[in-house]
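Below is one structure, written out as structure tokens, with a few remarks after it.
Letters are used for the chains, namely A, B, C, D, E and F, taken in the order the chains are written, and counting of residues starts over at 1 for each.
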Amino acid sequence: MEGSRPLLVEVQALVARPGLGPPRRTAAGVDGSRLALLLAVLGRRAGVDVENRDVYVSLGGGMSVDEPALDLAVALAIASTRLDRPLRPDTVSCGEVSLLGEVRPVRGLERRIREAARLGFRRAIVPDGVWDPGRHGRAASDAGLEVVVVPTLRAALAAALLPATGPLGQE
Amino acid sequence: MEGSRPLLVEVQALVARPGLGPPRRTAAGVDGSRLALLLAVLGRRAGVDVENRDVYVSLGGGMSVDEPALDLAVALAIASTRLDRPLRPDTVSCGEVSLLGEVRPVRGLERRIREAARLGFRRAIVPDGVWDPGRHGRAASDAGLEVVVVPTLRAALAAALLPATGPLGQE
Amino acid sequence: MEGSRPLLVEVQALVARPGLGPPRRTAAGVDGSRLALLLAVLGRRAGVDVENRDVYVSLGGGMSVDEPALDLAVALAIASTRLDRPLRPDTVSCGEVSLLGEVRPVRGLERRIREAARLGFRRAIVPDGVWDPGRHGRAASDAGLEVVVVPTLRAALAAALLPATGPLGQE
Amino acid sequence: MEGSRPLLVEVQALVARPGLGPPRRTAAGVDGSRLALLLAVLGRRAGVDVENRDVYVSLGGGMSVDEPALDLAVALAIASTRLDRPLRPDTVSCGEVSLLGEVRPVRGLERRIREAARLGFRRAIVPDGVWDPGRHGRAASDAGLEVVVVPTLRAALAAALLPATGPLGQE
Amino acid sequence: MEGSRPLLVEVQALVARPGLGPPRRTAAGVDGSRLALLLAVLGRRAGVDVENRDVYVSLGGGMSVDEPALDLAVALAIASTRLDRPLRPDTVSCGEVSLLGEVRPVRGLERRIREAARLGFRRAIVPDGVWDPGRHGRAASDAGLEVVVVPTLRAALAAALLPATGPLGQE
Amino acid sequence: MEGSRPLLVEVQALVARPGLGPPRRTAAGVDGSRLALLLAVLGRRAGVDVENRDVYVSLGGGMSVDEPALDLAVALAIASTRLDRPLRPDTVSCGEVSLLGEVRPVRGLERRIREAARLGFRRAIVPDGVWDPGRHGRAASDAGLEVVVVPTLRAALAAALLPATGPLGQE
């Protein structure tokens, strides 16, 4: 029931059964329209139904980010708490998510990955199309970082989420 | 169930059956009022009924554009996903859509088409009234670009959409 | 079911039976409060009932105008599409519409009419009270422009709309 | 069913039975909260019930005014159209209306009255408390202007409205 | 049914049984959130139930004030009209009202009281905690001003309101 | 039924059974989205159910603060009034609350604690992860301040709230 994974920015999500009235969508630090689009894509393109749930998203430290590169981390955090499947530890993610469910390249990917390695992360989930294993792979493996290239949000979910932890804990 | 075609800007659309409550209209990078007008024109002038559907529109790369020239690409992307008919590949489109269902001329059409040819597109759907086959046609054909002139949104749909792909795929 | 007539600015309107929920009023380039007032005046002062209809108004070219002089053109465009009576061709209109249903003088009327004549229009519908046939009439007739002075919105409708075209066409 | 009286600014009002849904309150050029307060005062302090009516208020010429001195003219215009009692001709009004139904003094009253006289008005309805018949009266009568001092909105209505005109005319 | 008492600023309030729909809360010159908090405190901490009433608040002269010191005067004006108990004449009030129902000190209390005395007020209701009878009392009594120190909103109501005036008058 | 504790800023909260309509959430000086997130965390992570209650939050002195460090004090004030358990006296609190229910470190913790000690507070509830008992503890104990390190909101509630005071008092 919880999801949180940093990519320089830590994304926190909370998904819960709604009370009375329409489901709540509350975002702090993330654009509300962008969140609505990501929820639609999760439901229609990746089979993670959050239509009738309360969804809360926040960025750690009171930060506010308006950049498509954050899409993937937001979507993964939401899916993790919705499916009650923890995100794999030491993993960062980065990528724009299109309305078609694709994960799209973003600017400055190499720089982002180097920064993640420097902060101690061991695994990065990144978009297809800009990652050249021949050219970039060496730098990443030098840094001890495994790079997982994903073409779609579905593939990203498979790569990022651990199996469900069974019945919910006390919380 | 998906639609996306670049005209320098890539327009993404997602149309889906609504959940409970009124249909959702969510736009990122496109003006919400403009989207409402285009949905009305699609339904009343071109027979593409999206009245009771959730409609999501976004521009690739987190871009934001407020220009009538984008109308046609937005309308085609929505119609494609609503009708489950793919847009023809390698095609760009450009034009203002009036409330009467006409496709209206826009500024800088030649420049836009040259840019599209340069990026590898092979076909452009453009408004009637400014395209002079004698004068402009040569430059376009030199660039290997087929130019389709459309007076109305209906004509644009006929020119842009491939036949339906039959029953929906897994997604 | 359509209405559109330029006065330097082209006003487009679309009036249609509403779907579920309350009627929609969507304006691009025109102030929403002003539109609400004009719809009230059309219904209460001129017998054009749009109370329970979806109403869309837009200005050509993505323009945005906040000036009372546009009132009359907006009201005529809406009435035309609501009553399915085309606007007379080659006609421009100009005037503030009061909550009493009067058409009120606006600034710069002469200049506006000269510009309309220059652009090829042949007929102008204008407010009472500032048009002096003796002084202004000559310039207008020299320009081949017929000037119709209207004291009220009702009179303007009679002067601007052609008879109904019978059953609606395919669109 | 109509009300309009200038005090340098012309106030237009339209009150009508509502359609479906909650009553509409639309103001152009006047603050919406201020209008809501005036409607409450009209109903609770002066017996003019507009609770369940559509109310539209606009200022002539597309003007926008945010000044308590306009309160009285707005209230009188609304009452006139609600009660179908015309406002007395050649009359201006000026004053703040409190939530207690009092008409309160405003700044620059003398200047406003002189301007009204200059524009040809013959009668002014003004707040109690600042008008000194001995000192001010002479200037007013010299200008041929009758000054009516009113302590409350009720008194202002009695002074400003002519008897009802019987059944409504065609409009 | 009416309440109004100046503290340099005159606060006007109108509380009335609601019409159809949810109760209205309309404030001019006072922050809407602040008004909502004060209504909650009146109901939960001081036994003045305005939950299901229309509440209108305005400041005289079209003024706008955003300062906690105004809390007490707003709360007293609302309570007066709700309970139909007039405020004691010649009385000013000043103080922040906390969500616990306490009246809290504000800045510049001495200056405010001196100004009130200068304007002819004879009685001031002020917060506990800053008023030193030994030191301040002399100046106040010199000015002929009675100072009433209140720790809570309940105490302020007891000090400020006269007994109910029996059945409502004509208004 | 009341909660209030200063951390340089005093946070006031009021939680009450709602009237008709949806529960009200009114915040003055605190961001409304942030409040919504904290209410969700209180309910889902710490067992303090405020879903169907009116919640009012305000900062003393009309202050406005937009900083994650205030999260903990807001959450504790709300929990105190909801559970009718007073906050322990002479206690300050400081920390960001994540959507997972963790209390997170904030900047400038040492400075904040020194300031609290200077103002006479005797106990501080602070996040885990930055407080080094060896290094920081001495300064705190020198100042006579007890520092309680809490990893989660649940732990903070246990440390901050006194037992329930039995049936509600008169208020």
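Definition applied: contacts are C-beta pairs under 8 Å (C-beta built on N, C-alpha and C of every residue); 3 or more make two chains touch, one makes a residue touch a chain.
Bear in mind that the values here come from a model prediction, so they are computed numbers and not experimental data.
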Chain whose mean Cα position lies farthest from subunit B: E
Chain centre separation in whole Å, for subunit B relative to subunit A (CA means): 30
Gap in Å, rounded to a whole number, between the CA centres of subunit D and subunit A: 60
Chain centre separation (subunit B, subunit F; CA means) in Å: 52
Touching two or more other chains - residue numbers and ranges from subunit E: none
Topology of the chain contact graph, where touching chains are joined (line, ring, star, complete, other): ring
Successive chains around the closed ring, taking subunit C as origin and subunit D next: C, D, E, F, A, B
Residues of subunit C touching subunit B in the complex: 1-2, 4, 12-14, 16, 19-21, 24, 26-28, 54, 56-58, 60-62, 171
Contact set on subunit F toward subunit A in their complex: 22, 31, 33-34, 36-37, 40-41, 44-45, 51-52, 66-68, 96, 98-101, 104
